[in-house]
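Following this message is one structure expressed as structure tokens.
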Amino acid sequence: MDHLLTLLIAIPIAGLLPLALFFRDPRAVKQVAIVTTFIELVVSLVMLAQFHVGEAGFQLVESAAWLPTLGIRYELGVDGISVLLIPMTTLLTFISVLYSSGGAIKERVGEFMAAFLLLEVGMVGVFMALDLFLFYVFFELMLVPMYLIIGIWGGPRRVYATLKFVLFTLAGSLLMLVGIIAVYIQSGDVGDRTLSLPELLARSARFSGDFQFWVFLAFAMAFAIKMPMVPFHTWLPDAHVEAPTAGSIVLAGVLLKAGGYGFLRFALPLFPIGTQAWLPILILLSVVAILYGAVVSVVQKDLKKLVAYSSVAHMGFVTLGIFVLNQQGAVGAVLQMLNHGFVTGALFLFVGIQYEKTHRRQIADLGGLANSWPLYTAFFGVFVLASLGLPGLSGFVGEFLVLLGTFKFNPATGPGGLFWGPLAAIGVILAAVYLLWMFQRVMFGTLREAYRALPDLSPLEVACAVPLLVLTVLLGVFPQPAIAIIEPSVRRILAIATDASQVVLK
Amino acid sequence: LFFALFALGIIGAGACVVLLRRITAQALLMALTFACMAGMFLLLGAETIALFQVLIYVGAITILILFGVMFTKQDDRGYGLFFQEQTPWAGAFIVAIAVPVIFLAFSFKDAITPSAKGGDLIPLAASLFTDYAFPFEVASVLLLAALVGAIVLVKRDEP
Amino acid sequence: MSLADLVTVLPEVVVTATALLVLLADAILDRRIARYWLPLLVILGLVAAIFTGPITVASHIAFGGFVVVDTFTAFFRVLFCILAIFTVVVAPEYLERRAIPAGEFYATVLFSTVGAMTIVLASDLITVFVGLELMTIPVYVLAGMARRDRFSNEAALKYFLLGAFSPAMLLYGFAWLYGLAGTTTFAGIAAAVAAGGLTNGATLVALALVTVGLAFKAAVVPFHQWTPDAYDGAPTPATAFMSVAPKAAAFAAILRIMIETLGPLGVDWSAVFAILAAITMTGGNIVALVQGNVKRMLAYSSIAHTGYILAGVAAYQAGASASAAVLFYVFAYGIMNLGAFACLIYLDLDGTRGATLEELNGFGRRQPAGALAFAVFLISLTGIPPTIGFVAKVFILQPVLDAGLVWLAVVIALNAVLAAFYYLRVVVHMYMYDVEANAPRLLRSNLLSAGLGIAGLAVVVIGIVPDAIYQWALQAAAPFIR
Amino acid sequence: MTVPLGAFIAVSAALFFIGAAGVLVRRNAVVILMCVELMLNASNLALVAFARRAGQLGAGNPLDQRGSVFVVFVFVIAAAEVAVGLAIILAAYRNRPTVNVDEIHEMRG
Amino acid sequence: MIQNVWLIPAFPLAAFLVNALFGRRWLKRWTGPVAATAIAASALVAIGVFLEVRAGAASTIVPLYTFISVADFHVDVAALVDPLSSAMLLVVTIVSLLVHVYSIGYMAHDHGFWRFFTWLPLFVFAMLILVLGDNYLVMFVGWEGVGLCSYLLIGFWFERPEPAGAAKKAFIMNRIGDWGFTIGMITTFLVFGSMNFVDVFERVAKDPPAQGVLSLICLTFFLGATGKSAQLPLYSWLPDAMEGPTPVSALIHAATMVTAGVYLVARSTPLFDAAGPVLAVVGGVGALTAIFAATIALVQFDIKRVMAYSTVSQLGYMFLALGVGAPIAAMFHLITHAFFKALLFLGSGSVIHGVGNVQDMRQMGGLKSKMPITYWTMVIAGGALAALPPLAGFWSKDEILGSAFKNGYPLLWTVGVFTGGLTAFYVTRAIWLTFHGQPRDHHLFEHAHESPRVMTVPLLILAAGSVLVGFIGFPPDHGFIHAFLGPSVEAAHAGAAVEHGTDWAEFLTLAAISTAIGIGGILIGLTMYARGRPDPAAVARAAGPVYGVLVNKYYVDELYDRRFVDLAKAFAGAAWAFDIHIIDGLVNRLGWAIKLTGSGLRRAQTGIVGNYALSIVAGLLLVMVVYGGYATGWLGR
């Protein structure tokens, strides 16, 4: 089938219809949502199966005129990077919906599921869009549903958190919009104006240095806020703390990836000169994020906040890997994105489960849970270990490759890999510190009477966790298949991004 | 000579309208201004316009205003209240703009020969009903609309 | 004046006729019947007007060159009719609640529409001025139509006094233009300007006066202050109408006069417009930010939108895309802003003033359909895809950047963030807070819901496939390419 | 005897700004209305003067129609405005017996 | 057989999976046997492999699958079978087997039985990966794996705070070491373009890179080693690790895991040889650690802690050996130590088990009669530790000291010998306090009993080992082990000592000296504790401050736990405050400022028409000015 990607976008929208039909009946709504997201998951796997491993370029491309007067196209396609991120997205969405249908969401189920399906459209679309305009549309499309999900089903300070989330993201993305239009206009200097990525890359001419400098900044702002990179990260803890479990899972698992993905997909290949210009600052910020995020995580009192700050650190590895501009780094970054998607998603899932049972999230109020919840402890433990980068679990491979790339990083001026590498590696130690300390305080020690009666994981919750667990282990033990998919595309992007032979306009 | 007279009349009366405090007097002075304006038009050889001027302004509008004055109780309170607090500012701005503008006004050099030689009625009417037919119609609609509006606004609520 | 001439202005004739018919019908028909038939009649008339006028035509002169019907005219004719229809659709229940004479209301709306249409027909200063007045005077009336309501009175009074003051300036500016060019037709003036005879101080005076006069009509900061009070106090349907139609007309006039007529002076005025645009959008947003009353907040936000549109005007050197952007934005703004105001009609409060944020709490539960529509309009006003508001912003940004006004583009972007704050806050109150005890009663109105539903749908659909409209706007902008 | 066009324009300008000043400084709605009328008249004067000038330059009729026609329309508009204006003032006066505009500021901020 | 070497780790892994999945619900008590049999199986395979290698099979690489391969970076999961690894395999599997068997008895009454026997095989698996890996990355995987298992097993009794804390401490300290390992490994790749031992060693032999780089690599690796093998400054986790079950201490924290560091350095001998100066560091640290830990061990009363510090000290010996360029000696001591230290732990475990979970020696005494087997095995082990000929410890340790002396490190030699004396003293003290003299706690004494056979049998086997293993190093310098390991570790300077035969004279003198000192230590111990003169308490009082320092372990824990941790927490707290008040604060203030401006502008909206008109006029003025400005050009165009 040659419209697979469009299908991926269409399925959730189609799911809205029956949803609207049974709007008032929670059970039916849940079933509809689960079925829809499951079909979506299956289709995305089909897409993965259809993908030809080893080819660098875009595959399953669909292209049609959208705004012919402006030469803007509806252009979809996947390459080695997105073809893995999309199934991750669909899986996490499915799990979120599955978990939420288990009673985590009690009121306005219809609205919730609708928001989630819309959200899925945006998330899937972001990873497939090849036209900058289309990409932006999907990028923003993720915003509103998440805004509602946090704002309606969130915690006590949800309104503050959700507004903060939206304003931060908008501030960045609107600047990016200006940048996109600037690109559109500049592209007119050779041939017709266009925003289609393949088209832009195909044109041998490059934008002028100054132009790249500023436009890259515009793009970088959007992605850096989305990632989030220090110092634009402060929306993340609030958003996560207030968001409902499912929201946190998807927010951490997928939305943050949009930033890293955007860097790789658009910022690097389109603005090599700009990249070079901003490289030092971005590397610095990445390393700062790794250390800073970890350090701040150590003293967090709220479980979700801790995981949130740890995400900051983890995403620091992603940006670091991207901007050392070598294959190990970039591949590591992508792997780290996948890993973070599964692991942090899982961590939020388990924090959520724990909260559902105990109604406490302050680490101080917990303790000794391992005594009554062996299953929970086992799962949670594995994900914690994966998150602190234990070899044999998914966290390690990505971080290791990023570090390797960092060591290889050897700029003409300024500190090189042998300076950044060890610094970044300290982050790995710190990860062990805050995660294990948290684990000790929450799971170990004597169990409180109040929690003695609480049940262990329910079958549903196990069902949600198992796929993530399996993937975490597989990615950790057999990363090569994934790498084989990712590497060619990464190589291609880096080739473009580091190719100086391009003609520079003006 | 006439010009000076009329100009004096216009400006003087206008100023009084702004400055005086007895409202009826103001209305009458406004009428005077209009009258002088008509004179000006005569000087410029636009009898018809002058005629309209007398009819519409000196006649209709002044009457309307006077009605307005009658209908609304006028409180003649202290001078301080009678001008707005912002008067100094207003004066400053107005002067700042007026001076250069009036100065620039003199940049129109051509001389005008005041003559009573008129007869602009026919061409005026003609153009009004041929070339300007459309705006004319629109204007009539405008009057209608104004009529309706006025009625709607002032009529008492029907039981 | 021949029959052919009349045919060219058939839509205007039709609308006028409808107005008279309505007055007549209102006079003779029985209240209860009138209730249903008047709106229907008006809508039929407007639809007829849309179809009696050509949608797209090559430039076509009539009335001895004093009326020009071109693609631009056609675009705005349709737009004005649509807006009028929308207004009439949302109004009835409200008018009834407020005991506002429906017939006169509709008629006045129609008169104002005719005025607006006249403006886009005009080919010389006189017609434009008459048109402007014909458009505005009825709007004063609309504002004051809730006779018993002090706020309505106040709104009307303020609007009238200022609305009489600033056109005097406009008129005086016209007078000088006439004096300078020796003619009142756009073509003539343009020719004179092109001849380059107009670089002396007197021109600047005229230019300034004209600018101010038009800026006032479009509610540009610092000539905007009438807007909040007028919008706030006027009966809500009237507000909905006056917040869009006159503004659209004002921009039509601005395009005609500033670009088509005074274009060659551009270097002078485009810079001023750019500055005004920045001030306007920023000022409007910042003040809107601190409003507690949604109606008033929307009033300020409409000022901010003026700023965005003005940016498009300022970028007119980018060519057709600029004018097209203005047209498209005006179109988009018309639908979403009218819709947003109309959504307030649901809330049945005493007095004409709008609901406060608190009164909107839990609106999402009490009136799901209306709330959804409102949310769509708000999101569109914010400029988040996939809505018409988003594409409109994109279309504006493109010429702005094309004209090299990067700073203005950035200002627009940042302003959009500010706007997001207060627009989304409304959504927050509708969906994220629970209903309060003293929440106002809700008006039940299928007609209103239907109208809003269609508008909301349009906002989204056009937001996804805007190409047709944009192309139309491009054609409409054709007259301004030079 | 001839009078320079500038003089006429100057007079009109003067009147115009007198009117404007009136609008700014007076508190009585009716008076403000009068001042607006003054401003309109100022425009009229300018228009006619210009028309005359144009007429002199152009052949034929000594008075250019455009200007005079414009003036006529201004008359019409002025009349309409006054009518509606007074209506509004009266309507307002019913609910709030004052014509002092700066006492009418319930809506602000 | 070698081709099937992957079976060795496979069995424990299988056991782990089986027990993990079915242990809690179904297997319960059977998890023990399952694990034990699995280990037994892999032990058999290990023996097979060992025999083949012994038979002279060339060192072979058994690839399994590609682990990571990006651009020029390529790493397989592959096993390197050579004498070194095969020997290690043997030790690991056998000791593990014994410990498993022993644990079945020791843990019999623990409610976490199944958990124990889930983690233990996992540990063995990881350890075997560590041993077998043919490159640093895979080794690192095992390296972290064992770290994890030690974390899990130290924290086995997680309900109590101490084990949980100790576990965390262990893991984090190891992480600090691993930081070094990571850097070393990546730098290795950057320098040699590979992580496989074989390639790296070839390249370093062919064209050695700059001394500085090499030193960096070795130092970082050594940092890793200190973490894992509890050397200064990262040793302090090991004593705390005694919070774990005793068999764990025996297996992980005595016999196998802690020796990983030694194994790493021995593996990398070619690198370290190339980087001369670093060796000195290694040796120095080793010696320092040895004496440092031994002194602490002198005064401890918790029997397991004595053993722990002794382990640290013995590991110090091994590093000393490596430092003086005698990797074989190091491995030799590693092997012997594995046996007698495991025995010591299991023995003390059996005591603890016998007296009902008491570890304080001051409450024991006179247990000799109650538990003879334990006693005698302990004595043998103690002898081995004290390096009494002809027990195992004697040969290995003496070889270390010997090579230290011969290769020209007299200072290290002296330290070593002196430490030997201390060792002898504290082991004597421990055994005496435990088994001899009058029982100090009668209640406890009454209930004391010999452990069941399942525990004593392993003791006996180990005892046999402790006696005999030493002879694989006989005759000194030319024993079986030297011939066997020589090729794999001394590739750099192959068979340095082989030309001339054993120098018996030298050997005997050195041996005599050290043995004498050892016996001296024992005698002092005996006199003090058996005769009570000089009375230990008196000595302690006399020693005064010194004694205090020793009892408090040089206050290192205080330093680490309090100072460092508190500092770190304070810093982190500051960072968080910064986050909230500065970074986030700025954002909120911005919003606040905007709102303020808004309400300011709002006041301009007075509601008075006049003012509005005024602002219009003002605007007019403004516009005129700007127009004028552009027209006259003073605003530019």
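We just call them A, B, C, D and E in the order they show up, numbering each chain from 1.
The rule is simple: a contact is a pair of C-beta atoms (placed from the backbone, for glycine too) under 8 Å apart; a residue touches a chain by one contact, two chains touch by 3 or more.
Please read these numbers as outputs of a predicted model, since none were measured by experiment.
Student: Could you name all chains that are in contact with subunit A and with subunit C at the same time?
Tutor: The shared contacts of subunit A and subunit C, listed by label, come to E.
Student: Would you say B-C or A-E is joined by more C-beta pairs in contact?
Tutor: A-E
Student: Quick one: point me to the chain whose Cα centre is farthest from that of subunit B.
Tutor: E
Student: What chain is most central when centres are computed from CA atoms?
Tutor: A
Student: What whole-number Å value describes the gap between the mean CA coordinates of subunit A and subunit D?
Tutor: Here subunit A and subunit D have centroids separated by 65 Å.
Student: What whole-Å value do you get for the distance between subunit C and subunit E if each is reduced to the mean of its CA atoms?
Tutor: So the centre of subunit C lies 78 Å away from the centre of subunit E.
Student: As a quick test, compute the distance in whole Å between the mean CA positions of subunit D and subunit E.
Tutor: Measuring from centre to centre gives 98 Å for this pair.
Student: Taking the mean of the C-alpha atoms as each chain's centre, how many Å separate subunit C from subunit D?
Tutor: Chain centres of subunit C and subunit D, defined by C-alpha means, are spaced 26 Å apart.
Student: Considering subunit D alone, which of its residues make contact with at least two other chains?
Tutor: 9, 12, 19-20, 23-25, 27, 29, 32-33, 49, 51, 53, 57, 69, 73, 77, 80-81, 84, 88-89, 91, 101-102, 104-108
Student: Check each residue of subunit B and list the ones that touch at least two other chains.
Tutor: As it turns out, subunit B has residues touching two or more other chains at 84, 86, 90, 93-94, 97, 100-101, 105, 107-108, 131-132, 135, 139, 142, 145-146, 149, 151, 153.
Student: Where in subunit C do residues touch two or more other chains at once?
Tutor: Touching at least two other chains: 126, 130, 133, 137, 140-141, 144, 147-148, 156-158, 161, 165, 169, 179, 201, 205, 228-229, 421.
Student: Kindly provide every pair of chains that touch.
Tutor: Here the touching pairs of chains are A-C, A-E, B-C, B-D, B-E, C-D, C-E, D-E.
Student: Which part of subunit E faces subunit D closely enough to touch in the complex?
Tutor: So the residues of subunit E touching subunit D come out as 602-603, 605-610, 613-614, 617.
Student: Once bound in the complex, which stretches of subunit A touch subunit E?
Tutor: On the subunit A side, the touching residues are 164, 230-231, 233-234, 292, 295-296, 298-300, 326-328, 331-332, 368, 370-371, 374, 378, 385, 390-392, 396-397, 400-401, 403-404, 407-408, 418, 421-422, 425-426, 428-429, 432-433, 436-437, 440, 443-447, 478-480, 483, 487, 491.
Student: Which residues of subunit C touch subunit E in the complex?
Tutor: 157-158, 161-162, 165-166, 169, 199, 201, 204-205, 207-209, 211-212, 215-216, 222-223, 225-226, 228-229, 267-269, 271-272, 275, 283, 286-290, 418, 421
Student: Any idea which subunit B residues touch subunit C in the complex?
Tutor: By the definition above, subunit B touches subunit C via 100-101, 104-105, 107-108, 129-135, 138-139, 141-142, 144-146, 148-149, 151-153, 157.
Student: Help me check something: in the complex, which residues belonging to subunit E touch subunit C?
Tutor: Contacts found on subunit E: 591, 594-595, 597-599, 601-602, 604-605, 607, 609, 611-613, 615-616, 618-620, 622-624, 626-628, 630-631, 635, 637.
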